[in-house]
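What follows is subunit A paired twice: with subunit B in the first complex and subunit C in the second.
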Partner chain A sequence: MNNLMMIMNLKKSGIMKFKISNEIKLSLPSLLWLLVFFMIPTVIVVLISFKNPDPFGGIGVGWSINGFSDIMNSYFAVILWRTVKLSLLTTIICLLLAMPVAIYMAKADAKIQNLLLLLIVIPFWTNFLIRIYAWKTVLHPEGFLKKIFFTFGLVPENGSLLYNEGAVLLVLVYAYLPFAILPLYTAIEKFDFRLIEAARDLGSGAVRSFVKIFLPGISQGIISAVMVVFIPALGSYVIPDMVGGPDGEMLGNKIAQMVFIDRNLPKGSALSTLLILAVILPGLIRIFIKKSNLTEAIARHKRPKVMQ
Partner chain B sequence: MQKTKTLLITSILILTSLFSGCAPEKKELYIYNWSDYINESLVKRFEDENNCKIILDYFDSNETMYAKLKAGAAGYDIVFPSGYMVNVMEKEGLLLKLDHTKIPNLKNLDEKYTPFSLDENQEVSVPYMISNTGIGYLKSKAGDNFEPSWNIFANSKHRGRMTMLNDMREAIGAALKYLGYSINTTNIMELESAKKVLIGWKHNLAKFEADQYKNGLVSQEFYFSQGYSGDIYQVMSENKDIGYAIPKEGTTLASDNMVILKTAKNTELAYKFINFMLDGKVAAENIEYIYYLAPNKEAYQYLSDEIKGNPAILMPDEILKKCEAMSDLGEKNELYSKIWDEVKAAK
Partner chain C sequence: MKDFLIFDGIHKSFGQYKAIDNVTISINQGEVFSLLGPSGCGKTTLLRLCAGLETPDAGRIILDGTDISNFPPNKRKVNTVFQNYALFPHMSVRENIAFGLKVAKKSRSEIKKEVDFMLDLIQMQDHADKKPALISGGQKQRVAIARALVNKPQILLLDEPLAALDLKLRQRMLIELDQIHDEVGITFLFVTHDQSEAMSLSDRMAVMNEGKIEQIGRPVEIYESPVSSFTAAFIGDTNFFDGRVIEILPENYSRLSIDGLPEAICFNDSERAVGDMVHVSVRPEKIMMQSQSPSVNHKMNIIKGVVENLVYLGGSTKYWVRSGEWMISAQQHHHHFQLDEKPLKWDDEVWLSWHADDGFMLERYHLDDEKMLTMPEDGDLLAEDIGDDEQLDDDYEFEKKRHHEI
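Let's turn to the complex of A and B:
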C-alpha cells in the first residue's frame, strides 16, 4: 500500500515537472515577443520621458522632469477629463448593449449561435480605417441621415452630425461593441441558468436574482469586457482624429501632436507614461480581484471537505 | 539524381549571373521628394538625355525625412526639404556646399521670391517651388462679392462647415496676419491677442484638419478651408465649385528646396539634375503639372493663360508684400505650442 502510494507520488511529481518545463518552453516564444516588442519599448518610452528635448526634435542630454511638469496644467486636465469621460461612457453603453445580445446568443440554438458569432466577426474583415471612414459618409452633412434629421428639425440646415463629441462617442461604441459582446457571451454560455430558476423558486424576484445570482456568476466576463473596451478607448487616436471636432481631442491626439508637431519627444513620452500607468492600474486591480476570487474558491472548495 | 540537381542549380546560377552582367552599367540618381511634387515626364526626359536611371522615393513630412536620414539612411543624392528643415540639416552638417559654376541656370531664379528661402544666397539649397496658404472655398456658398479675408472664420453663418489647418504655426499665423502682425512674432502681447481671435474662430470650425479638408471641399462637407495652394488646385478638377483665394491681409509663403547631401554618390549628376529643373521650359512644364510656382523668371513666358492669370499662383505685388516665410523659431517654438494648447483646450 505504502509502496503504491510512493510510486503514485513519484509519478505525479514527474508529471508535474514535465508540465512545468513544457509550460515554460511553450510560452517562451510569446514571452520573448512581449519582452522585445512590448516591455523594452515601454521602458524606452518611460526613460525618454525623463530626458530633455533638443530643438531639432530629438532627445537632448541630461535628465529632467520637465516633461511631466509641462503637461500638468489646466488644458491637460480638460483633455484628461474628456478622455476618461468618453472612455467610461463608451464602456457603459457597450456593456448595456452587449448584455442582451450576449444573453440571447448564449441561450440560442447552436445554429443561430454560430450565425450570430459570424455576423459579429464579419465586420473585422473590413479594415478598421475604412469602417471609420464609412461613418464619415453616413454622418456626412450633405448625407441622407442629416437630411432626415433636418426635415424633423433636429439639426440646423448648415449643421453637421460629424465633428462633435457625440460623433466620437457613437463611433467609439460602434468600434468596441464586438469586444464587449464576445467575453460576455463566453461567460454567460458557461453560466448555469438553473441557478436562476432555483433562486426564483426560493422566492427571489426577477431583478434580485439577476443582480444577486446572474451578475456575480458572470463577473469574470464583465471584468474582461470592461478591460477590453475601456483600455483601448483610453488610447483612442484615429476615431477622435477623424470624426472629432476642434473640441474632440483625446490623450492619443495630444501625444501625436507633441511628437509630430511640437517635436518634443520627452513631453509626448511623459504623457504616454501617464497613459500606460492609467492602463496598468485596472490591470492590477483585475489581477487582485482574480486572486481574491481564487482564494475564495479554494476556501469554498475546502470547506465541504472539512465537513466530511 | 542528387548530382543532376546540383548541376542544374549551378548552371542556372552561372547563366543568371552571365545575363545580369550583360546589362550596361547605368548611372543612378536617388531622389527623395514629397509625393505628387514633380512632373514625372520630366524625370523620364532627364533619364533619356543623360542615359541614367532616377530612383524616386517619397516622404510625407520633413520630420519623417529627417529622422530617416539621421538614422543613417545613405544613398540619397537629392532631397527636397522645406526652408526650416534646410536650416536644421545644415546645422547638422548633412548638406553639400553648392558650387554655383555647376548650376548656370541659377540666373533664372526670380529675385522677388528668393528672399522667402531662408538660404537666400543658395549656399546649400536651391528654391524649387513656392507654395502659399490660403482659403479654399465653395463659390456657391461664398457668393459673388466674396472678399477673401482671414476673418471669414468669424462668420457664424457657416458654423461647423469650415476648417483651419491642424498646424499651430499656420493657424496662429492666420490670426496674427489678420491682426497685422508678423507670423514669426515672439511678442507675448501679439500672441495673446492672436490667441483670442483664434479661439473666437474655433467655435465656428468643424475641426482643425491638415489633410482631409480637400476631400471635404470636394464632397461639399466644408465651405471654407484654410489650406495649401497646391492641395486645393489639385482637387479643383473634381468639383468645379471650388475656388481658392489669398486673404487680403497676406499669408505665409513657403519655399521647398533642392539640396545635395554630403553623402551623395553621384554629385555631378545631381548638379545636372538641379540645373535641368531650373531650365525655364522645364520649370514651366512642372508648374503646369503640380500647380505650385517655381520661382523662375524664364518660365513665366511659357505658362498657359490660365496659370498666368491666376493671382493665387502668380501673386500680385501688393499682396506679395504682405506675405512672409516662416522661420524656425528654435526654442521660442514653445511660445506657440503653449498658445496652441490653450486654443485647443478653450471652451
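Let's turn to the complex of A and C:
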C-alpha cells in the first residue's frame, strides 16, 4: 500500500511539474509585456535618478546622488507626510464605507446583487478626468455645495471647499471606493455566516464575533482592498492636481513639477524611485502573506494520517 | 429531573410557511431526545429556536425553570453541534475548542486544563494544533462536539451531526456519541432525518411532520405501536390495508373485511367500532412466508400470493408478493446458510401469515403517506434514507477519498 501511495505521489508531482511549465508558457506573452513596458522603464527611472541633470532638461553625463540629496533638503518631508497621510486616510475611510455596503451586497438577493454591482460599475463608463472635473464644479467657490454650506453657516463667505487637503481626500475616497467594495464583496460572499451563528452559540457577543470570526474570515478581501486603494492613492496625480492646489499637493504632483517645470529629470526620477520603494513595501508584505497561505495550501495537500 | 426543557405551544412561521405549528414537548434531564422527520418538517427550526438563533412567534421555551424564549444565543446555557460543524477555519483545533471558554473569560490555566480534557475525550491530542482544513470529517465532527461540550451546556443540540459522514463512519460516530453522552451526562437534543440514527441513540424521540408532532415515545413504542399512518410509514417500512371493522371480538380483537383479501383479525386497542373505516399497518418483517400452507390458528391471518419481486439484502431478503390487487411486502431473515436453503423465487406460490397482534388500526389522514409505501420501483429499492442527502460536501468527499486510499 505504501509503495502504491509513493507511486501515486510521484505521479502527482510529475503532473505538477508539467502544469507549472505549461503555466509559464501560457503567461509568457504577459510576462514579456510586463518586462518591456514596466520592468525596463522602472529600471531606467531608477538609473536616471543617479545621473546628473543636463541644463536643457535631458540627462547629463556622469553619475551622482544629487537627485536624492536635492529632494531631501527641500519641501519633500511635508509632501511625503501629506501623501502618506492622505493615502492612509483614504484607505481607512474607503474600508469603513465599503464594509457595510459589501456586507449588504453579499447578503442581498441575486437580483439586487447584480443591480448593485452594475451601479458600482456605471461611473467607470464616464471618463475619470471628467468625473474629477465634475467634483471641481461641485466644490467650486461658486458651486452649489459651497452655497448650501454657506447658507447653513458651515463655511465663511470667503472660505473654499476646493484646493485643500480635505478636497483631495474627499475625491480620493470617491475615486477608490469601488475598488475597496469589490474585493470585500467577493470575500464576504464566500464567507460562511453560519460561523457567526456558531460563535454566538458559544457565548460570543456581536462585536467579538465580528472581530474574531468575521474579520479573519475575510482577511484576504481586506488585504486586497487595502492594496488596491493604498498603492494607487500614493501615486495619485490627477486628483491633487485638479482639486488640491498648492496646499493639497502630493508626491505625484511634485514629480511632474520636477520633470516638466524644473526640467530636472534625475531629481524627478529620484522622487519616483522613492515612491516605487514605498509602493513595493506593502506589495512585498502582500506577497509574504500570500506565500504563507501557499505553504498552508501545499500542506493541505499532504493528507494527514488519520486514525481508523 | 423531569421537564428539564419544555417547548410550550411553540409557533413559528417564515412568511406564509408554517415551520412549527403548536409544538409542545417536554424533555427530561440527562436523556437523549431525538427530533425525527422528513426534511422541511420543522425539526431544525425547533432546534434553532432552542439555540436562540430564531425566536418563536408564540409559545415559551423553558430551560431548567427559566423562560429563555427571548434570550439571545450567547446568554443561553445551550450549545450546538452544527450540521456542517461550522468550525472556525482560521483557528486550530485547540483554539476552536477554547473559543467558548475564552469568551467566558476563564483563566489561561483553566482553559488549558479543560481543553486538554476534551482533546483527551475525543482522542484528538495529536491533532490539537492542526487547522480544521487538515482533519477528516469524522475528526471535525468530534471537534465540533468538544467545542460545544467544553462549555458544559445544560443542553447539547445536535443538528444532523452525522449527515455528512459515510455509512461506516456514521455507525462508529453513533457509538462514540453514545459513549460521550454516558461520560458527560448532559441532555442531548438530536435532530435527524435518519430513523436508524434516532432509534439507536435516543431514550425518547418525537416524530415530526409538517411542523407538528406526530408521536412522542421511546423508539420501541414508536416502531412497534405507531399511532398515525405517517409514523408507521416514516419509521421503517409497512404495509397498509384499507379495511372496515365488521365484528368486535373478545380481548380487544376485531374482525375486519379488506377488499380482495380474506377477512382478517386485528388487535383493536383504539376502540374502533363496527363499521369504522380503518387503515391497518403490518410491518414487512412481521409477515411470515412459507411455501406450504401454514397450520390454521385463529389469531393468524393467512394470505396466499405469488412472489412478484425480491431483493436480496444479505442478512435478509425482501419480497413483494401479489395477492389479488394487493402488493404486500415481507422481509425474511436468513437463519441458515442461504445457499443450502431452497430460496423462494419469482412466481413462486407462497403463503403469508401475520399474527393479529402485529397489525395496527390507524386513521389515515393524508394521501401523501401512500408515496411512502414501499412499492418496488427500480432505483428506489435501496434508497436508504427518506430525506435529503444533498450535502455531499467537502468533508464527505474527503472521507470517501480517504477510504479508497486505505
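Points worth noting:
Here is the rule we go by: the second predicted complex is superposed on the first by the 273 of 308 C-alpha atoms of A that agree within 3 Å, B and C clash if a C-alpha of one lies under 4 Å from a C-alpha of the other, contacts with A are read in each partner's own complex, and residues count from 1 in each chain.
The rule is short, and it goes like this: a contact is a pair of C-beta atoms (placed from the backbone, for glycine too) under 8 Å apart; a residue touches a chain by one contact, two chains touch by 3 or more.
Values in this document were obtained by computation on a predicted structure and should not be read as measured data.
Legend: residue contacts after superposition of the two complexes on their common chain; A:290 is shown touching neither subunit B nor subunit C.
By the touch criterion stated above, A:107 is placed in contact with neither subunit B nor subunit C.
Once chain A of one complex is fitted onto chain A of the other, the partner contacts of A:244 are limited to subunit B, with no touch recorded for subunit C. Applying the stated contact rule after C-alpha superposition, one finds that A:85 touches neither subunit B nor subunit C. Touch criterion met: A:216 reaches subunit C, while subunit B stays clear of it. In the superposition on chain A, A:147 makes contact with neither subunit B nor subunit C. In the superposed pair of complexes, A:195 makes contact with subunit C only, with no contact to subunit B.
In the superposition on chain A, A:203 makes contact with subunit C only, while subunit B stays out of contact range.
On the subunit B side of its complex with subunit A, the touching residues are 61, 63, 66, 70, 88, 91-92, 157-161, 167-168, 202, 205-208, 212, 219-221, 330-331, 333, 337, 341-342, 344-345, 347. Every residue of subunit A that touches subunit B in the complex is listed here, in rising order: 55-58, 74-76, 78-79, 140-142, 158-160, 162-163, 242, 244-249, 260-264.
Listed in rising order, the residues of subunit A touching subunit C in the complex are 1, 5, 192, 194-195, 197-205, 208, 213, 216-217, 219, 296, 299-300, 303-304, 306-308. Every residue of subunit C that touches subunit A in the complex is listed here, in rising order: 51-53, 72-74, 78-80, 82, 84, 86-90, 99-100, 103-104, 123, 127, 130-131, 133-136, 138-139, 147-148, 151, 402, 405-406.
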